[in-house]
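Naming follows writing order (A, B, C, D and E), and every chain is counted from residue 1.
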Amino acid sequence: MQAELIARAKALLADGTVARVLGWRKGDTDFNAEPAVFETAESLDEFVYDGFCGANLSKYMIKNSKLEGKTLVFLKPCDTYSFNQLIKENRINRDNTYIIAVGCYGKLDINKIKAAGNKAILSVAEEGATLKIHTAYGDAEMAREEAVLDRCKVCKGGKHVVYDELASFVDEEKPAAEGRFDEVKKLEAMKPEERFAFWQGELSRCIRCNACRNVCPACSCIKCIFDNNNYDAAQKVNTSSFEEQMFHIIRAWHVAGRCTDCGECSRVCPENIPLHLLNRKFISDINEFYGEFQAGEDTTSRAPLTNFTTDDVEPSIVKERG
Amino acid sequence: MIYSYFPGCTLKNKAKDLDLYARESAKALGFELEEIPEWQCCGGVYPLASDEIATKLPSVRALADAKSKGQDLITVCSACHHVIKRVNDDMANVNDIQTRVNNYMGLDEPYLGETTVLHYLEVLRDRVGFDELAKKVTNPLTGRKIGAYYGCLLLRPSATMQFDDPENPTILEDFIRAIGAEPVVYAMRNECCGGYVSLKAKDQAESMVDRVLSSAKAKGAEELITACPLCMYNLTKNCKGEGMKVSYFTELLAEALGIKEVQS
Amino acid sequence: MQRIGVFVCHCGTNIAATVDVKRVAETLLKEPGVVHAEDYQYMCSEAGQKLIGDAIKEKQLTGIVVCSCSPRMHENTFRKAAERYGINPYLVEIANIREQCSWIHKDKEEATEKAIILGRAAVAKVMLNAPLQAGTSPVTKRALVIGGGIAGIQTALDIADAGFEVDIVERTPSIGGRMSQLDKTFPTLDCAACILTPKMVEANAHEKITLFTWSEVEKVGGFVGDFKVDIRKKARYVDMDKCTGCGECQAKCPNKKTPNEFNRGLNNRSAIYTPFAQAIPNVPVIDKNACTYLKTGKCGVCAKICKAGAINYEAQDEIITREYGAIVVATGFDTIKLDKFNEYGYNTNKDVITSLELERLMNAAGPTGGHVVRPSNGEDPKTIVFVQCVGSRDTTCRGKTYCSKICCMYTAKQAMLLKDHYPWLDIHVFYIDVRTPGKNFDEFYRRAVEEYDVDYIKGQVGKVSEAENGRLLVQASDLLDNRQIKMEADLVVLATAIEPNEGVRRIASMLTASIDTNDFLTEAHAKLRPVESPTAGIFLSGVCQGPKDIPETVAQAGAAASKVIGLLSKDHLVTNPCTAKCNQVYCNGCSNCEKVCPYGAISYDEQMVIRFGARETTRVATVNTALCQGCGACTVACPSGAMDLQGFSNRQILAEVDAICR
Amino acid sequence: MKTVTADQIREISGVDTRKCMKCGRCSASCPAYDEMDIRPHQFISYVQNGNIEPLMNSKSISKCLSCFACVERCPRNVKPAKVIEAVRVSVLRQRGETILSADEMPELLDENMPQQLLMSAFRKYKK
Amino acid sequence: MSMNNSEWKPKIVAFCCNWCSYAGADLAGSSRLAYPADVKIIRVPCSCRVNPMFILRAFQKGADGVILCGCHPGDCHYSTGNYYARRRMTTLFSMLDFLGVEKNRTHVEWVSAAEGVKFSATMNKFIEQVRELGPNVRLEDIRCKQN
């Protein structure tokens, strides 16, 4: 798998099809691969593709696709939606991009493996549906399914919506998982006080590290309004500032209709706040009110919030549906 | 469909026909009247003074009882209907009355005019439908020329009663048509008969009755129907000269439905 | 550093009675940035404006807040004043402390507090105002008049005489309107047709006027100076060019069972018809709901008989699009429906008629040839009762709260004309007040009483019913004699309230013209701009603005025309500078704004941008300020806040929010 | 009898007499007009003018039929019947004042008389 | 039948479009149709100018209720602005509900220039609703810091 991709990247570099390769390399541990740009065949030896390559590379293409020469990028199925959405918003130069669609069996969450009782993990090997975990205290096994990221449990399926070539190990037919909106529905079924308490518990942990914003492919503004002194929203003075207090809802609002539900925000949150639920709520509402819509599915359709019909539901629907 | 039923004092006594045939006909038409337990007299007149509270309580008790059962409240007597409908309107819309009545009554849950108050005729028109009623008529009163006498209480004030056009009502005429008879429209059918003064000012009542009856006769009416026991009494008791046959609408309803022995 | 001046208007006592204006000024003076604050009786007056001018000079003001009436009223006045005294007009903000404060609050403390907060919000906003320069846009030199009654005709003639093209859109088959239905007109008793018909002919013949009869306005787009209007020309089924107006078709049409609208249903008309003999154009239309051929495909008599071959059953509605610089609304009125006034028996008794129906009965060209009879049996009436204020001055939900204005005079007219023709008639008029302000009006009414013996009774009718002998029984009160009257009559005439024509609400919303609770179009200023709608480029003519008699209507029609002429005489109009503006440094190039712009005012291209110290060629948005109308939809669609609206910028609105909530 | 004030009448009736435009439609509609010494429209203007005593002594208060024709047809929502009622109530609320005494009752009764009439009479004529 | 103490007065921010609702508010004023002084109107050219951020800012700065008024759908002066506003507010309000914020703190009403009565009635009703909810606590800080 990894070897196939390295070989292909080296070939494309060698024949001049691409000038650089956007992929992953080992992070500070073996279990948090990070995005990296490779410009030479030698550097590609550091290229990694394994269960820990959760990072969505689409956003990095905003910059790379503007550089001289094509960039090769590897996209997992869900990453392609983000990529398409960025094409729609004219952020990525598609002509300057070469996409290899890579397969994905669900990316792994090291915290889940640790939580299963594995301490001092030295390596994790993926063998089909089983993970072989090698630790300082001996070896262990666990089902792969139990170790995947939450977002992968509601996988959008194996289909890549944009690519130039498919890697050998892709499964375009892999069906989407069911129950994507179950968490949202569960919250909706609660009483308002309970919901408030839930979010109070979650959001109060936020340390405003901005990781969610920085990783989000939709949050790709030249300058975020919260960093822009020309806009009275930026108020970095104290914890009672508008920026501090309304950050998450405004961020969710800004990406509403554009968010592909890639789940990166929750993956990178150091406090494990389920931020994706805010986005998913918008998606679920949009589906309910204005018809099914998947951002990034194509590059031409109009986003729900820049569109309307004359007989749209009234805002009072929120009160009426109880 | 089960309705809460408020018969009122007179229907338990002098106007038993009005009550009896209302109940019997309801059965035939497929709805049920469930008499409100221990109902109290509505008082006969709606207390117009805005500071009257005590006189409104019996109506509110009946209304709250219907609300607790989740039923609409039906009345037959025009006066009861008038009083209860208007008190209900006060309970829904007049803050001061809402507060004072609820403070006094101390119900588990304040009563705020939630119950729908319907006159029996409205049930026939809006719930049963006159077309449906006509289909159930087995003994059509063909050839009878009947004048509808509305009087005042059912119609006015129309803003509250919402019963029919107060100046050109049609509900009783439609009813008469449904039971197979011929309605006679005459000018005085929505003018007061003077019922309230029939106790103390007979002359006044007589002259008013006379106006009603002669207007009806001039248009060819041979008999009248009413929903009000007081109108019934006044129209028959205080007429000068030759009177007219006056019946409760429920009597003719029962007759047309074939559940009343036809009296010759 | 900003130097703001605050000017608090008393508006006589309109504001000062409920708001402590002195305290408002004193409090606002303490706001940061405010260097001057004063109050004055009438800020909009010349003296008030001069106060502002003096303060601008003395205190070197950089921004002005006027706490006064609605900005919809005087924002322009104060902007012009600012400009005259040397600062940019867009450095003025209005705090609306009249309509949205003093007029709706009673408690002085509360109203003053609110006025201060509103003032504070305006100060916070004006601190961020930027000087704006208005652009210009061209003017299409053609006017549209909606409605072809006397108001529309007069307006069109006056505009056309000034040399501008005018189109009249009239929804009925002929121009002429209400006036063509009248018999004679008060107080001079000229015959309505004699004075109206020449004007109709003139409008038809005028080279600058185009008539679209049997047509309706379908859609209105654009703005003052450049409206685009779709007009639906309803299928007439008769070729306007071929028809000679001989009238054979109407005579021979076998289907004559449709109530004649022009005669208010007093008789019937044929399926192919012109509403009246002097109709312009004198070309009939086929009523597709009545015509046997159009409904069943059988008949075709009119086509067979027409020598000109003008009948075309295949005709379809046609939509034409025209451009206009100005639009005049002259949609007129109708009498109200009397369904809620059944005590008068209008719906149950044929001999109870409206005053407009009486006009038709009295008109020599009417259904009875001018012979006034009882509609029930055709007999001559002996006693006629007039009932005034039917549905007028009624604060229940049954009628209209206003005085219909014309009834007192036409009733006197009708009574006198009737007495002229039928001296034996016994005529009674039940009135609440007789209102006759106008030249020679009271004299006219008094003639009815003193010379014609018309019996005016101060009192009202309670009920009209059929008496036992078939006549009408009128039960009424005579308040001066303190008696109740029960009187028999043969004809009862109801002076029915008038209301704006049906459909005016639809037209108003297409034009985005303000309309009041009674569906009368609202004027821009009740006294000073009585023929203009608050929406630029829309003008008002006739009863669509409020009840009027004919002389007033004609006067207003001329006034509206002069306003239109003033507008069309300009080659360019100054445009609203409050347009969207893209700060290209922050523009992502995402196109969200472009998608929501209703005017296609936003375009994208690659441009060189200096971004955070570096040059970059990138895709960014540009706003075409000539097309942008300043709605602001784009500003919310923009995630990065690059798109902003001048005059209503994000910072300005946030500042207002902060000032109100603090 | 102690005369109440016009304000008390306005309060009990809930009627704003200023809304009356003196059209006379109430008196034109009243079926008991000829029985009354002071007519419905006069009730409004008497109250407006503070002239309550004649109203309290008027026989009209026992002649009003509460048929609401005046209420129905008033174009200004004035509700004359409520004013007449307020005056009647003000009379009855005074000690010893009654329009119908118990002694009178027996001879007025007849066997067909509906309970409703007696009930109404007690409400209308007595405290 | 409000049970709240009379001391507290809600702060209500009303965003009104210039063409319909602001004119409707003016008509309410010239018709002297009272509504409580708690309402402060901010004039915007169109309901589509209202950024959800303005609404959140109002709440964060201490507003207890925010209402948005625009032309009736189909009657927008700019033809389509209120349709966008409708979608924006529907989704925003639904999100606030999702966060457990009281639904009655926000409202959208279409008020034409002719509807002075409706404007006043809408404001009266909205204020009543907000009064019943009491002061806004939940929306001051969507980050929900626990004290």
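We adopt the following convention: a residue touches a chain if its C-beta (ideal position, glycine included) is under 8 Å from a C-beta of that chain, and two chains touch if they have at least 3 such contacts.
All values derive from a computational prediction rather than experimental measurement.
Q: Along the shortest chain of touching chains, how many steps lie between subunit A and subunit B?
A: 2
Q: Closest chain to the protein CA centroid?
A: Centre-most chain by C-alpha means: E.
Q: Would you kindly say which chain has the C-alpha centre located farthest from the C-alpha centre of subunit A?
A: Measuring from the centre of subunit A, the most distant chain centre belongs to D.
Q: What is the distance in Å between the mean C-alpha positions of subunit B and subunit C?
A: Chain centroid spacing, subunit B to subunit C, equals 47 Å.
Q: Indicate the whole-number Å distance between the mean C-alpha point of subunit C and the mean C-alpha point of subunit D.
A: Chain centres of subunit C and subunit D, defined by C-alpha means, are spaced 46 Å apart.
Q: Once you find the CA centre of subunit A and the CA centre of subunit D, what distance in Å lies between them?
A: Using C-alpha averages as centres, the distance is 80 Å.
Q: Residue numbers in subunit B touching 2 or more other chains?
A: 166-167
Q: Considering subunit C alone, which of its residues make contact with at least two other chains?
A: 343, 396, 463, 596, 637, 650, 654
Q: If I count partner chains per residue in subunit E, which residues reach a count of at least 2?
A: If we look for residues of subunit E contacting two or more partner chains, we find 52-53, 57, 61, 74, 80, 84, 88.
Q: Quick check on the complex: what are the subunit A residues that touch subunit E?
A: It comes out as residues 184, 187-188, 192-204, 206, 233, 239-240, 242, 244-250, 252-253, 256, 278, 281-282, 285-286, 289-290, 304-310, 312-319.
Q: Tell me, which parts of subunit D touch subunit C in their complex?
A: Listed in rising order, the residues of subunit D that touch subunit C are 19, 21-30, 33-34, 39, 41-42, 69, 73-77.
Q: In their complex, what parts of subunit A are in touch with subunit C?
A: Touching subunit C: residues 89-91, 220-225, 228, 230-233, 254-255, 258, 302-303, 305-307 of subunit A.
Q: Any idea which subunit C residues touch subunit E in the complex?
A: Checking each residue of subunit C against subunit E gives 70-73, 96, 98-101, 103-107, 110-111, 113-114, 117-118, 121, 221, 505, 508-509, 512, 514-517, 519, 522, 534-535, 578, 596, 598, 629-633, 635-637, 645, 648, 650, 653-654, 656-658, 660-662.
Q: Considering only the defined contacts, which subunit D positions touch subunit B in the complex?
A: 11-14, 31-32, 35, 62-63, 65-69, 71-72, 81-82, 85-86, 89, 99-100, 108, 110, 112-121, 123-125
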